[in-house]
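Below: a set of structures, written as structure tokens.
What follows is a pair of complexes built around chain A, which joins chain B in one and chain C in the other.
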Partner chain A sequence: MLVMKNINKIFQTADIQTHALRDFCLQVNEGDFVSVTGPSGSGKTTFLNIAGLLETYSNGEFLLDGEDVGTLNDNGRSRMRNEKIGFIFQGFNLIPDLNLYDNVDVPLRYRGFNSAERKRRIEENLERVGLASRMKHLPSQLSGGQQQRVAIARALATSPRFLLADEPTGNLDSEMAKGVLTLLEEINQQGTTIIMVTHDAELALRAKRTIQVKDGRVSELDVVANIHQASA
Partner chain B sequence: MFSYYLRLAWISITRHWGLSLLMICAIGLGIGTAMTTVTVNYLMSANPIPEKSQQLYYVQLDSWDVNDPFDDGLNPPDQLTYTDSSNLMRAKKAFRQNVQAQAFGVIEPADPEMLPLIVNGRANSADFFTMFNVPFIYGGGWSNQSDESKEFVVVLSKETNDKLFGGKNSVGQSIKLEGNMFRIVGVIDHWQPKPRFYDITTGAFNESEDIFVPFHLIADEKISRSGNTNCWKPTGDGFKAFLASECIWTQFWVELKTQQDKEDYLQFLNAYVQEQQQFGRFQRPIDNRLSNVMQWLESQEVVADDAQMMMAMSFMFLLVCLLNTVGLLLAKFLGKAPEIGLRQALGASKKTLFSQYIIESACIGILGGILGLILAYLGLKGVEGLYGDYMKDLATLDINMAILAVTLALLSTILAGLYPTWRACNIQPAQQLKSQ
Partner chain C sequence: MLETGLILRALARNKIGALLIALQIALTMAIMVNAIFMIQDRQQQMQRESGIDEANTFYLTNTIFGQNYNIQAHLQTDLHMIRNTPGVIDAVQINAVPLSSSGWSMALQHESGEDKDAVGSAIYMVDDHGINALGLTLIAGNNFKQGDVEIRKDGQSTWPAKTIITQAFAENLYPDNWQSAIGKTVYISQTQPMQIIGIVKTLQAPWNGWDGVERSMLVPFQRESKGSYYFIRTEAGRRDELMPIIEKALAQSDKERIIRRVTTTEDTRNRSYQQHNATNKILTTVVVTLTLITGFGIVGLAIFSINRRTKQIGTRRALGATKGQIMRYFMMENFIISTFGNIIGCIGAIGLNMWLVNTFNLSPIGIELIAFGVIALFIVGQIAVLYPARKAALIAPATATRTI
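The block that comes next holds the complex of A and B.
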């Protein structure tokens, strides 16, 4: 479970203070698929960065699986990122010098798995996204959709509890975007909690919950799951 | 993880080979230049006889002109008169003692087909061989008895024995030297102390001699002396007058086992000078010196000031190369900011990233060190080419220098990599991930 209570994030420059998040409150339960929408500059990416422990917050309380994130040092945050969180980015963020196998291997190395376990997880997850036959290819040899699938395989390799996706379909055409979203839905059905930031209202509606962020606050919550249930 | 980091370093170096090559060349050039001068200085300042250097003492007495001191009065003369060295030899106050001078001669080979051989020689007393731990292949040095009975004996160098006897054991055979027959008592192995500490007045880095003969042969005019001679007042006519003159041309070494022995010997020297003063000699204030091997080499400035200056300059050049490397590493690591941000997102701590990039710096350092070794080898060959035989024995890289080169490259590159690595580890992942 992810719980944020009155989280504030202030970016400070020499003479300007910018409140990216203001008393941001949110609870994401186990197995949720939450989409986060909002206009540019509303604070949704800042929220995702704080949720992914990539950025610190100015004040407030943030509990991840019951653990107070604010008390963790760099090692503790790194460990928690590695063990509990998977990331999917708009720009795929694969390491261009490494082949697919080695790209998926990166978080597993930091986790400290042995060679056999890493191999099993890499092959299993590349198989899951349909790219097992191309594991020795470099990212530059793949299409955008394939690269995003590799990024998903990498995110899933450590069996994270949370999958944070920042505009995961932003660089893909509509066909590829649908394919990626279908994959995310499958992953969610298997128990992984997903938080997805998107500009695309249609994609947002496919999540179980939609959150709108405006001026650094959660301004609206739609329980999309209910709509789905109603239409069914 | 170490092997993983090594693999990542190799991938990074090969994928970004241009930048990596620039860094390797910068380090290689710096290390190569530094190691060339360090090697020359190292060999120049090496202890040539570490096992005995604290027990061997060079003797200096100030017999020079009272009105015009030797070396502006800073040091007593660097050699002794024949009179003084003969007197000291006769006194036999040291555990071992050796009087010597450079000599030369012509050997007439027994084989009429062979041309006469001009040889550099050393005229010395019997203790020379044991005092200086001279290694023998065949036989040994002559005895003090041979010195006293003025025997015509000779010790050959390995090279001379190879020329005259094809490397076979020639002990007991005779050679004709300067018209006299000399009995061979020993053949020494290749022996080239660096520096050639036992006589630096004729060149600290000259080759060791072809033959060794008893010192008395010079006084008996059976062999010609060479080397440096300095006089401060006119000599009389004839060789006997020269021997009795105040000209300095002999070197005198003693072996003293303990500090007490050294103090006793110095007292003996002072007493000797006082005695000589009664004969009108030694008019300058008493300044007798006993210098052990390293003190003697240092006082004679065997490591030239310009060589030390060159070494200092080469280290400054290395510093410039390292500063360039800092810049290049900074460019490389900051160019990897998106990857660093991503690795942080995937669970790498700052400590983990620091290890990864320091290992990459170290790999570049090792490659730079290997290139530096090659350049140092070429640099030393260049020095040898410039200075010829004088530098032949100094322009060689030994295993110690090779290890030093790689270690220096490794440590200096790690040092150069600290700031770029620190900067890389403090990259804000959120910014990098968004901007990629």
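The block that comes next holds the complex of A and C.
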């Protein structure tokens, strides 16, 4: 479970203070698929960065699986990211010099798995996204949709509790986007909690819940339990 | 967990930059090791003992211009006066000064005859005060007696019947047992017999670059010549005080000659090795400069590589890499490049050394110097990459989600 209570994030430069998040409150339960929408500059990415422990917050309370994130040092946050969180980025963020196998291997090495365990997880997850036959290919040899699938395999390889997706279909055409979204839905159905930031209203509606962020706050009125998902 | 395999595969796909740095390390290694070897070789040459009491000796030239000048009478007067000057231990007339770059040489052979093998040697003409005045150590046999000393006129081709040689010369003449040289007869000027009556520990020739610099001989001659050196040894610490006193006394005692070039043997040694010192300074500058250039090259490549991979580093952090793991990644990457460079560098260093050995007759390079070069360049590499690696480790994980 992810719980944020009155989270504030203030970016401070020499003479400007920017409140990216103001008293941001949110609870994401186990197995949720939450889409986060909002206009540019509303604080979506800041929320995602804080939720993914990529950034610290100025004040408030943030519990991830019951652990107070505010008490963790940098190494602790790195460990928690590696163990509990998987990331999917808009630009895929694959390492161009490494083939698919090695790309999926990266977080597993940080986790300290032995080579046999790493091999099993890499093959299993590349199989899961339908790219097992191309594990020796470089990212540049794949389409955008396939690259995002590799990124999903990499995110899933460490068996995270949470999958955070930042505009996961932003760089894909509609066909590829559909394929990636279907994959995310499958992953969610298998028990992984997903939080997805998106601009795309149609895409957002495919999540179980949609959260609207405005001026760094969650607008309670905009928290919608998506009917079609609930009835599905 | 170390990412050696991943780094190797990533480097294999981005060869050029890494290859250039590896080659720079290799070149630095090859040049550095050989330059240090040459510096050491010169240092060893400069540290060799000349055999004389350098700290307490000086010499001067005595040039006679007077007509009908009684050289012998004046020589004896001069030497008597110098030897009796308070603070002087001894003095001698000599034909050449060790390490002065100017001297005489002859050859000795075991058998008389024109076509017999002979061994070259520097030759110093001294009287029975020679060993004491120079501060030599007699390690076998005896010194010359006063009666052994002969007067030598300019152009004379005959030699005295006795000689004292250095241990190195004795070892060359009698490799099985150098001490057996005492009492042996050798031949100078191919046919003139000469008995070895003594052996001194060390007395270097005037030419420091000569491969027979340790081979010298003393012959009991006093030269009846218009130009000669007086070599003077003083009590410890009194050399500088006595130099002007003796110069003045000699100059005032006789107006038909010029006393000049009053020089300490320490100055002579310094002048003798001036070129060695200059070469060593140049080589040291080359080594330091090359090492710095290589260090800066590593810094430059690492910073370029980090700037190019900022998002990638952010992604690694997002995937769970700690700051320490990011630092280790770049340090390991540098270690791999350095290893490759050092392997090529070792081959290059040995190849260059073989060429130097063949061309300049140097001795082969020692494995310990190559090991030193390898370790030094690994350390330089790791220090050079420390700042860029630290910079990489400070890249925020949130960089991964930035689109620009």
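The criterion applied here is as follows: the second predicted complex is superposed on the first by the 221 of 232 C-alpha atoms of A that agree within 3 Å, B and C clash if a C-alpha of one lies under 4 Å from a C-alpha of the other, contacts with A are read in each partner's own complex, and residues count from 1 in each chain.
We take it that a contact is a pair of C-beta atoms (placed from the backbone, for glycine too) under 8 Å apart; a residue touches a chain by one contact, two chains touch by 3 or more.
Bear in mind that the values here come from a model prediction, so they are computed numbers and not experimental data.
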Joint occupancy of chain A by chain B and chain C, clash or fit: clash
Dominant toucher of chain A (residue count), chain B or chain C: C
Which of chain B and chain C A:82 touches, first, second, both or neither: both
First, second, both or neither for A:106, with chain B first and chain C second: both
Touched partner set for A:54, first chain B, second chain C, both or neither: both
Contacts of A:97 with chain B and chain C, given as first, second, both or neither: both
Which of chain B and chain C A:74 touches, first, second, both or neither: both
Which superposed partner A:66 touches (first chain B, second chain C, both, neither): neither
Shared contact residues on chain A - chain B and chain C: 45, 49, 52, 54-55, 74-75, 78-79, 81-83, 87, 89, 91, 93, 95, 97-98, 106-107, 109-111, 154, 158, 166
Chain A-touching residues of chain C, taken from the complex the two chains share: 1, 3, 5-6, 9-10, 13-14, 311-312, 315-325, 396-398, 400-401, 403
Chain C-facing residues of chain A, complex: 45, 48-49, 52-55, 74-75, 78-79, 81-83, 87, 89-91, 93, 95-99, 102, 105-107, 109-112, 138, 154, 158, 166
Sites on chain B touched by chain A in the complex: 1, 4, 11-12, 15, 338-339, 342-352, 428-430, 433-434, 436
Footprint of chain B on chain A - complex, ascending: 45, 49, 52, 54-55, 74-75, 78-79, 81-83, 87, 89, 91, 93, 95, 97-98, 106-107, 109-111, 154, 158, 166
